[in-house]
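Two complexes, one shared chain (chain A), two partners (chain B, chain C).
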Partner chain A sequence: MDIDLDPIESIAVPIYHHYHATSAKAITPFLHAIKRGELMGHLSSATGKVLFPPLGACPESGEATHEPVILKDSGTVIGFTTVHLPIPGSKLVPPFTVANILLDGADQTCSHLISECELGDVVIGMRVQAVWRPKDQWDYSLENIEYFKPTGEALVDVDELKQHCLERAKLRVKNRVKGNSTEVHHA
Partner chain B sequence: MSKNRVAICGVGQSARYQTKLKCSMAGLVREAALAALADAGCDWSDIDALIIGKAPDMFEGVVMPEAYLAEALGGVNKPVIRVHTAGSVGGSTAMVAASHIKSGLFRRVLTVAFEKQSESNAHWALSPSMPFRPHFNSGAGGMFAPVIREYMRRSGAPDDVGCHVAVKDRRHALRNPHAHLHLPDIDLQTVKDSPMLWEPTRFLESCPSSDGACAMVMSCEQLADSGKNPPAWIHAMAMRSEPSFYPWREEVSPLASRECAQDLYAQAGITNPRRDLDMAEVYVPFSWFEPIWLESLGFAEQGEGWRLTLDGSTSLDENGDIPWNCSGGVLSSNPIGASGMIRFAEAALQVRGLADKRQVDGAKKALGHAYGGHSQFFAMWIVGTDKP
Partner chain C sequence: MREVGIIAYAQSPQIRQERALNEVEMLMPMLKVALVESGLTMDDIDFVCSGSCDYIAGGAFSFVGAVDALGATPCKMESHVEMDAAWALYESWLKIQSGEIKTALIYGFGKSSVGSLPDIMSQQLDPYYMAPLWPDSISLAALQANTLLQTGRYNEEDFAAVVVDSRRKAKANDNAQLFGDVSIEQLLAEPYIASPLRRHDCCPITDGVSVMIIAEKSVATKQCERPAFIRGIDHRMEVHQLGLRQLAESTSTTLALEKVKEQSGIGSGGVDIAEIYAPFSPQTLILKDALGLTDTVNINPSGGALAGHIMMTAGLDRMGMAYRAISEGQANRALCHATSGPCLQHNMVSVLEGI
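On to the complex of A and B.
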């Protein structure tokens, strides 16, 4: 055989992953809550901090968390970036701004989009409010919130906010009564 | 800890960390392994075990590549161990290899780390959809950009410190034939004019997507003089990790980073890393991570790291007192899984006096550093010319 074949340097072989996720004990109430338009966190009894989303264990102490806390759908921008780079398979068209948002009452940020403002207007400490999709589109997903928009309230000093939250957490641990009920708190 | 000393007798790298469409993964790792064996004066039969590292399998779409790479690395009938700690994996793989010598289990091992980014798209691979989080596809750059912005807020550093790092590391890369990016005309304005990718990170402030492999031969003290070149000696090693998300996690200078460095310096008897070390190869995939790690690793006071960058202290071209990333760093070559091992290997080359045009004169003690995941996995070592 003396065939002069052209070299094949690259062929596209797209790979798709379609998973069926089974939600664990802690995620189930969170997903049911988000489907009815509620944001549910968990209070860690070990640290007094409110985790969001609640994955069932406190990453700092390793202890299981049980106490649900319903959070408000408003919060503060702790960090953000504006993405200009398109990524294959993404439904989002750049530029768009992704922020780490501390929901009011939570101690852990969640990522979400910021919209209804100029890209350059987003700053650390900006107050934002969730904009929900129409109710008939709600699913077991945080994407029921389409994005967050600025409220126009005064900027928050994030260092003071952190201090306030850490003191609040300390106080919760101090005031904790043994055998506390698992009633739902409202932040 | 056992007193067994560990020597790095051989270092091998891809001839160039560029996009290598014509080379298979097996070819990549073999090229680096053969170079390391030659440096160590060894043959495949001299190796007791094979320690392989790479970052997530989605970067190539090949699951468990170590299974098929064992033959290409002479691993038939030998112990083969795969290590994975995200972007820090090259560093932790070197440490796993060294630990097996230190324990006395093996006398000489070959360790290899690699990535072939051209097989897939790392931004896609790093943006998986999760059932309980919104899906934004912003990749590693999108994950680290808010951390950079927070560093800028706290330190009050001038906006163009990152651009200075980008120029400095690319100029270092011109001294290194292995570096992916050779940009002889780069200057501050070119970097500033390059497109914004993830604000505040520009295109030229980001690492490239590279293919390549790095390998080392390590041995116990009795076998340390196998090659014609002197070995490097491991003085200290430390590894730490922490969860990616928890309330008020310190993301600019993670606890795991600070504690890993403290442990490392205590082992090596280092009290002032800027004074006690001759150079450092530190994982800087986005330019601003130079000042961020200068502070976290104790080379500068908090909020002051950017001053070392601006005054040339970390530049080989400006005869800085503590050159960082003489190889051009991750900013000039980023075969992700290999990037940590390249840092460790470059530190070893420096203290062996084998770093050619990028050699720091008289370097006797150097730091190799890697981090990965959500700034959550850390691996560091200190190597020296002299026995510890």
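On to the complex of A and C.
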């Protein structure tokens, strides 16, 4: 009787698909920039906010973004978590800390690793600085930054930082209306 | 039933390969075109629904990324179907029927050029018996075409005649990828790719996006001079296993048509044009029979899916093309069809009418 058969708990059905994708219009300049060691965001002309990493669309306005802004490689920890479980397929050995970092001059956080400190020392508002891999290893990848490390500067009040960002964005829109140039900005 | 009208439609050119832009970048300008046509802004849109499939371009969560193009901060009421965008329209239509919303924006996108679409389509088959054998969508359509030949209703010349008709009509469609004058003799001289199908019997690999806006009657008549009202809409699905189906028939299409007749009082004899989503030429003939269409009806004046086939919007595009014909006064009533799944497994029928 079928009912007496051992249950089959797994069968292997491997699936492979091959794609020939190209990077998008907005992402291509970002990838070239990171290869040079530059962090390129996009200024949203509708909101005055600098989006990093840039996706080519401003999620608040739905407008296309293309105006490049080169950002510094320092920032502030806005949120973080310490991962204790291994992630399948990941090169990272737990425990490690992943943070949402607001780069100086940006209005949107990006995620990266925090290292060169004790796990318990990471706090919201901590100032951090990128640690780059050796230049000869740079590729079209955010992995050119190995991790961010604490700078030792005083903690930042995140609410005040948010307020500052909002005011700065308004000012950018205002300045733009006056007819500022649209060349590459350095935040 | 609340009356719902299509009030705007925008489709990107149906090109063979878009190398520079991703789906979001292709979508943004078309959203603008549709909104301008509707006279509405994103703030006026109550609900957004999209149809796409991440397997096609191989980008995980590309359907979520597309939401950026909507200006979705703060949040919009939004939904997605892993189906042709015609089903996103159906979900939106139901939401209007419920009285919850008055306007909906529907979009779909497909960038098939980056992968091997016929192989990717085998992933929709059942995971134990069919998918591990990797039957690609062209081979399955060929199996269906051979079944049709066996019935003696049609021959390979009839398949070629469908292609000749599509290419000729597509000359008037600015967004068509394949168009022109070809003869049955020329086509039949081409080699098979999976007998009895030749390359031209298959829809072309296409990159593109489409956007549509629908609205409840009070908004539709205010915003649009000549909306295309959805008088009836229904969809029916057949079983998953191909061996259990009558492949030379489309029973689900016929059943959906009967429901649409009950809703609208309009049958296939009462329409001026029909836009049928048949990705393979023999399917046009199967569907023509299933819908009871005669030669008095102009079938696929846009050229249909054989002239351009944005995977995941080609069904919505049929309604879009019918809306165009109605809004421009070339037709008053249109029968529309959309399909999903292998060998016409799942079929949607609708009837559109001008005022």
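Rule of thumb we're sticking to: the second predicted complex is superposed on the first by the 163 of 187 C-alpha atoms of A that agree within 3 Å, B and C clash if a C-alpha of one lies under 4 Å from a C-alpha of the other, contacts with A are read in each partner's own complex, and residues count from 1 in each chain.
One rule holds for everything that comes next: a residue touches a chain if its C-beta (ideal position, glycine included) is under 8 Å from a C-beta of that chain, and two chains touch if they have at least 3 such contacts.
Since the model is a prediction, treat every value here as computed from it, not as a measurement.
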{"item": "Touched partner set for A:I15, first chain B, second chain C, both or neither", "value": "both"}
{"item": "Partner chain in contact with A:E38 - chain B first, chain C second, else both or neither", "value": "neither"}
{"item": "Contacts of A:A64 with chain B and chain C, given as first, second, both or neither", "value": "second"}
{"item": "Dominant toucher of chain A (residue count), chain B or chain C", "value": "B"}
{"item": "Which of chain B and chain C A:K25 touches, first, second, both or neither", "value": "second"}
{"item": "Chain B versus chain C as contact partner of A:D104, first or second or both or neither", "value": "neither"}
{"item": "Contacts of A:D73 with chain B and chain C, given as first, second, both or neither", "value": "neither"}
{"item": "Touched partner set for A:G56, first chain B, second chain C, both or neither", "value": "second"}
{"item": "Shared contact residues on chain A - chain B and chain C", "value": "13, 15, 21, 27, 55, 58-60"}
{"item": "Chain C - residues contacting chain A, complex", "value": "19-22, 24-25, 28-29, 31, 42, 55, 57-59, 65, 67-73, 114-116, 119-120, 123, 127, 131-132"}
{"item": "Partner chain C, residues of chain A touching it in the complex", "value": "13, 15, 17-22, 24-27, 55-64"}
{"item": "Contact set on chain A toward chain B in their complex", "value": "7, 9-10, 13, 15, 21, 23, 27, 30-31, 47, 49-51, 53, 55, 58-60, 78-85, 87-90, 92, 96, 98-100, 106-108, 110-113, 124, 140-143, 145, 162, 165-166, 169"}
{"item": "Touching residues (chain side chain B, partner chain A) in the complex", "value": "21-22, 61, 118, 121, 123-124, 127, 131-139, 141-142, 145-147, 149-150, 153, 195-201, 243, 245-248"}
